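One chain, chain A, links the two complexes that follow: it is found with chain B in the first and with chain C in the second.
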Partner chain A sequence: MSRTRSLMAQLRHARGENAPLVPTMPLPRVEAPPARVYVPARETTSTTAAAAAKHTTALLGIGHVGTRYATDVVLQFQAELAVAHSAVAAELPDEWAAQHGFLPLQSQATSHREFLLRPDLGRRLHPDSLARLRKDAQRGPQNGANERTLGAGPDVQLILADGLSAIACMGSGEQLFAATKAACAARGLSVGTPVCAKFARVWLQDEIGAEVGAKVAIILLGERPGLGTGDGLSAYAVYGPKIGNTDGERNMMSNLHARGIAPEEAAPRLAALAAAMIAQGVSGVKLDLTGIGAGGREYRAPQVRERLVVRDA
Partner chain B sequence: MNLSATIRGTRLRFASVKEVLAKANAPKSGDDLAGVSARDPVERVAARAVLADLTLRDLRENPVVPYDRDEVTRVVEDGLDARAFAAVGHLTVGQFREWILEPSTTGTMLRSVAAGLTPEMAAAACKLMSNMDLMTVGAKCEVVVRANNTLGLPGRLSSRLQPNHPTDHVPGILASTREGLAYGCGDAVIGLNPATDTPESTAEILRALDDVMQRNEIPTQHCVLSHITVQMKALALGCPMDLMFQSIAGTQGANAAFGISVGLLDEAAAMMKARGSTKGPNQMYFETGQGSALSSQAHHGADQVTIEARAYGLARRYNPFLVNTVVGFIGPEYLEDGPQITRAALEDHFMGKLLGLPMGCDACFTYHASMSQDELESLKVLLAAAGCTYLMSLPVGDDIMLNYQSTSFHDIASVRALLGKSATPEFDAWLDRKGIWVGGKPGPRFGDVGVLQ
Partner chain C sequence: MLEPILPNVLAVKRIPHASADVLRAYGADPSKHTSLGLITCDQDDSLYVALDEATKQSDVDVVFGQSFYAGASHASGRLSGEVLGVLAGADPQIIEDGLTATLRCLAHDACFYDADGKGTVTVFPHVISAVGRYLAADLGVAVGEPIAYLVAPPLEFVVALDAALKAADVRSLKIITPPTPTNFACAYLTGVNAGDLAACEAAATAFAAAVVDVALQPTR
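== the complex of A and B ==
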């Protein structure tokens, strides 16, 4: 026995306490718990959940175990989180654009991490891409050293881009691009060379649009994913694209995907928006949206919440 | 005023107080983006050593944006309490840090010097403090405010109920509102971020929320967080409005990007005083967040912590009922990951409380920041332990309009149970009466929307 222990033992003995300092507690006998601790079907909760689901996609009426979630809710939540995170982590493969008939462009960001941390780099074209755009894209006639007159090029320059979800870009992005192109053509608007930009932020539309001399630039890019929605796109349109355009000069539509606004519904609205911009010679806060049906300057469609976790019995 | 320090035999010199403040800051991706951060940990500690020996008077005399160029600087300087400043102005930042940590310096004492502190002083102290330092002082500060109920008393943790909806569909907003109330949330405010920024829809939503509160006799406040000019028009339409909201930033230029100025805020606050529907004297609600000035290129070469503190200096002019740092919403280019978001949340809470504000925090992340759900849950416990006045609350923490992850209804109940905290006294009594939260834990009607009409 160590000296310390023997001193402790003496002390205890002197106080007449030979028993251990903390007596062992008798453990209770636990009856087998019921198969389900959490019963979701408490009447008011389930009725309200069903009623609420008609009006909102918020996860309501999910009940609780103490102050925490039931296991099913935890799994649904984690599955939705996984969808969002994998959309953010995905990168647009270098060869994808050319394989799908787009002129491939890249911003000045050179890696995914740099793209996330340096929004300024995502707003400007890489010099190689700028040269490629000048060489291969349909552009208006020059009025000086690489200067284009506004509107000397195509009426609309469409740009597909990864933004914050390459999954959305490669998924419904291609379909939305084709539908928008067709909808513009149906309105008699000329559409420029199809381009697809990697590591792109919204403002990249300014440089691309200005370089080709387009009247309107529309960028379709993967939007910041939400829970369970990694495949959504946003569309931003600007009249008279040029470097230095502000957000107040843009119009946008978000939540463009099968469960929000489907491509066949979004495309005619975007074409109508472009036509209105050209007719009024303005975009953003100053654009009169009366009769366009584009849903306001910042329109976000509702969506449907999918049940992601289905457990085998 | 000395601006150099020697670390392991190497002498490092700094050009200005602003540079010292920036380089002393804990690592933040937003300071890297602005190009103002320390190049390495040695330069950072050298800046902190210089900062520790500057006096509070030095900081007052060297605001990061000059008096004649910025109205936020003027609001702070012109509104500073001379007697409160005189009590502490001679202290160095290092001495001040020790004084506020000292147990004999009580919350009441901190409250009485608050009016003599400039934002730069709060930011400077922050840079010399660890996360647990920030929590220790934050927990001591007591800022009590009153609207329809009383916020900020010791032992309380309140929550904003945030029933956002992608299309402002009123039955959808009310469904989330009822659920949140049934989980004991919403005592700070029932506050909706609208999808459509018009006076008519703002008024319509306020009337709907007011109706729920009246019918169920709920002692709380409501707010629709549209632009302040839109709320002023809504108020002119004659709708109820308990709190008036605006996002604010720490420089005149950044506020201009938000479409506001001191003159406009003065006008709005006067209008609320005349027409607001709250009982108590505190009627304004402000949101802030590190990085907002840089995103509008109006940061004047200062770091984002110091600029954030300056937003609190502006908020103070209006005796707000709520101030809230939306810490992880801005994205990884300003706060990259879990440790940076956690640190920023504790910094903002500390600085706001030290400056005398009822500080809450939207502990949150966007899905492209490197923060896990577990880290976010931990942050909520840290904030509550640090005495944070209120957190947000949403169904499973998921904002279906703004696409980000915040605090859930369940999290509020969990943190209250873990730390023995309760809602505001008025609201807590209502929860007890309804059987929602009884004796510090879930009551028989917890989570049951059937308790509401």
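== the complex of A and C ==
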């Protein structure tokens, strides 16, 4: 009962008012706490899950404590999420491309936030970058006003870009770029001027490739970070790059990082892909991948999940 | 006489993820508040007491509480009543807990009382046994102190406040004389000795009794 209401009821009574008051609403019942108490010991019930967990970095066979995850699992998850968050938040420094021998380009996104919120701006070159590309990059002969015949330029235009993880771009990007360039050269393919694009999405390869008149454009860019993987690169290759190509016309390789496909392993496969595209004159779903023989289909040992949190014994 | 006049809650809405400009406009801090809870009611002082109660039961902050001019009888709309309260918190569950506490207090505790048996003179002689963060900050007392929250129409208030201060060992924290948005007058009292709940109760009882006396014999 409310303290003030009982005081007023007493005062009312003292003044001779004895007519009963309207009864107040009953208080809602408070639920009793659950009787079952969980013991904080790890329970693992599925041996199948535990066995499957040996072959993947997916969160399998992690057990449970009562209805919840064990503390170390939760901490590991949070640490891995933090790795992914900081990778997305990282920005490629403006001077990085020039310092590492690339022709610096930038998409139409003018800030990192805008880049994240406006994928459409990340797919087109900034006018200043377009002018720089036309002036400084190796390009095929002109065919009409700034139109280039397919294949009039280099066989392969390699593009390094930040994508969704500038950390990956600055980490293994240069190494993968150099290895891919060497692998293409080893197959006798000419490679265009090294360019590095900031605030870039995958489809930027179409505009750059079309501008230089390359047969194949390959963009190597930081991929969308996942749990514990902020340093992964993806490679997207397209034959006959032109604005308006769809993802059906692209081939891609993902998980290009030390724990996935290492740069030295990825480079020959990318070069083989480019050679097959040029030989067949198509890319994407129409590309016949049989007989490319660049490896990658044999057994590969599973990735090992990096322990960011160590559990006390 | 002295029957409770129960407050009517007119609207309760939640904004789980409010935009920063709205948060700032209503006094919240976008760096620590995400969600808002909005409530309108036809008794402003009852809602202030209920919002204060919410700060005791939940991590909510009361960022906005304003009475509307001329009170509930002249509201701008069916859902406006005479007061808008805004709760702000870090997540929707905090808001939910705060609103639950607010509604519970409005249903079971804070209310005006009929001082003349006709509902034409009303009095709010409320005792808060332990004040919450909202009113404590406003009044400059420690959280947990007992206070008497006393409201009456202008003339009745002068007589009743005088009676309340003489009835017990209390001191005033704040006195708000008319005209106010609703044209009621208001005083907040606490015990001269810290934690003196009995003094606050005696003052509130004397206040209510004095308002009743004026209402029954206004010209003599």
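Quick note on the criterion: the second predicted complex is superposed on the first by the 249 of 313 C-alpha atoms of A that agree within 3 Å, B and C clash if a C-alpha of one lies under 4 Å from a C-alpha of the other, contacts with A are read in each partner's own complex, and residues count from 1 in each chain.
In this text, a contact is a pair of C-beta atoms (placed from the backbone, for glycine too) under 8 Å apart; a residue touches a chain by one contact, two chains touch by 3 or more.
Since we're looking at a predicted model, the values are computed, not measured.
**Student:** Which partner does A:15 reach: the first (chain B), the second (chain C), both, or neither?
**Tutor:** second
**Student:** Touching A:67, do we find chain B (first), chain C (second), both, or neither?
**Tutor:** first
**Student:** Using the touch definition from the top, say if A:5 reaches chain B (first), chain C (second), both or neither.
**Tutor:** Touch partner of A:5: chain C, not chain B.
**Student:** Residues of chain A touched by chain B versus by chain C: which partner has the larger set?
**Tutor:** B
**Student:** Taking the superposition as given, does A:27 touch the first partner, chain B, the second, chain C, both, or neither?
**Tutor:** Only chain C; A:27 stays clear of chain B.
**Student:** Overlap the chain B and chain C contact sets on chain A and report the shared residues.
**Tutor:** none
**Student:** Considering the complex alone, what residue numbers of chain A touch chain C?
**Tutor:** That would be residues 2-5, 7-12, 15, 17, 21-22, 24-25, 27-28 of chain A.
**Student:** With touch defined as at the start, can you tell me which chain C residues reach chain A in the complex?
**Tutor:** Within the complex, chain C contacts chain A at residues 1-4, 104, 107-111, 113, 125-127, 129, 201, 204-205, 208-209, 212.
**Student:** Can you list the chain B residues touching chain A in their complex?
**Tutor:** Going through chain B, the ones touching chain A are 29, 32-33, 163, 165-167, 169, 171-173, 175-176, 178-179, 183, 195-196, 331-333, 336, 366-368, 373, 394-396, 398-401, 403-405, 410, 413-414, 417, 442, 446-450.
**Student:** Mind pulling up the chain A residues that touch chain B in the complex?
**Tutor:** Against chain B, the touching part of chain A is residues 42, 44-45, 48, 51-52, 54-64, 66-69, 73, 77-78, 80-81, 84-85, 87-88, 116-120, 164, 223-227, 229, 255, 296, 298, 300-303.
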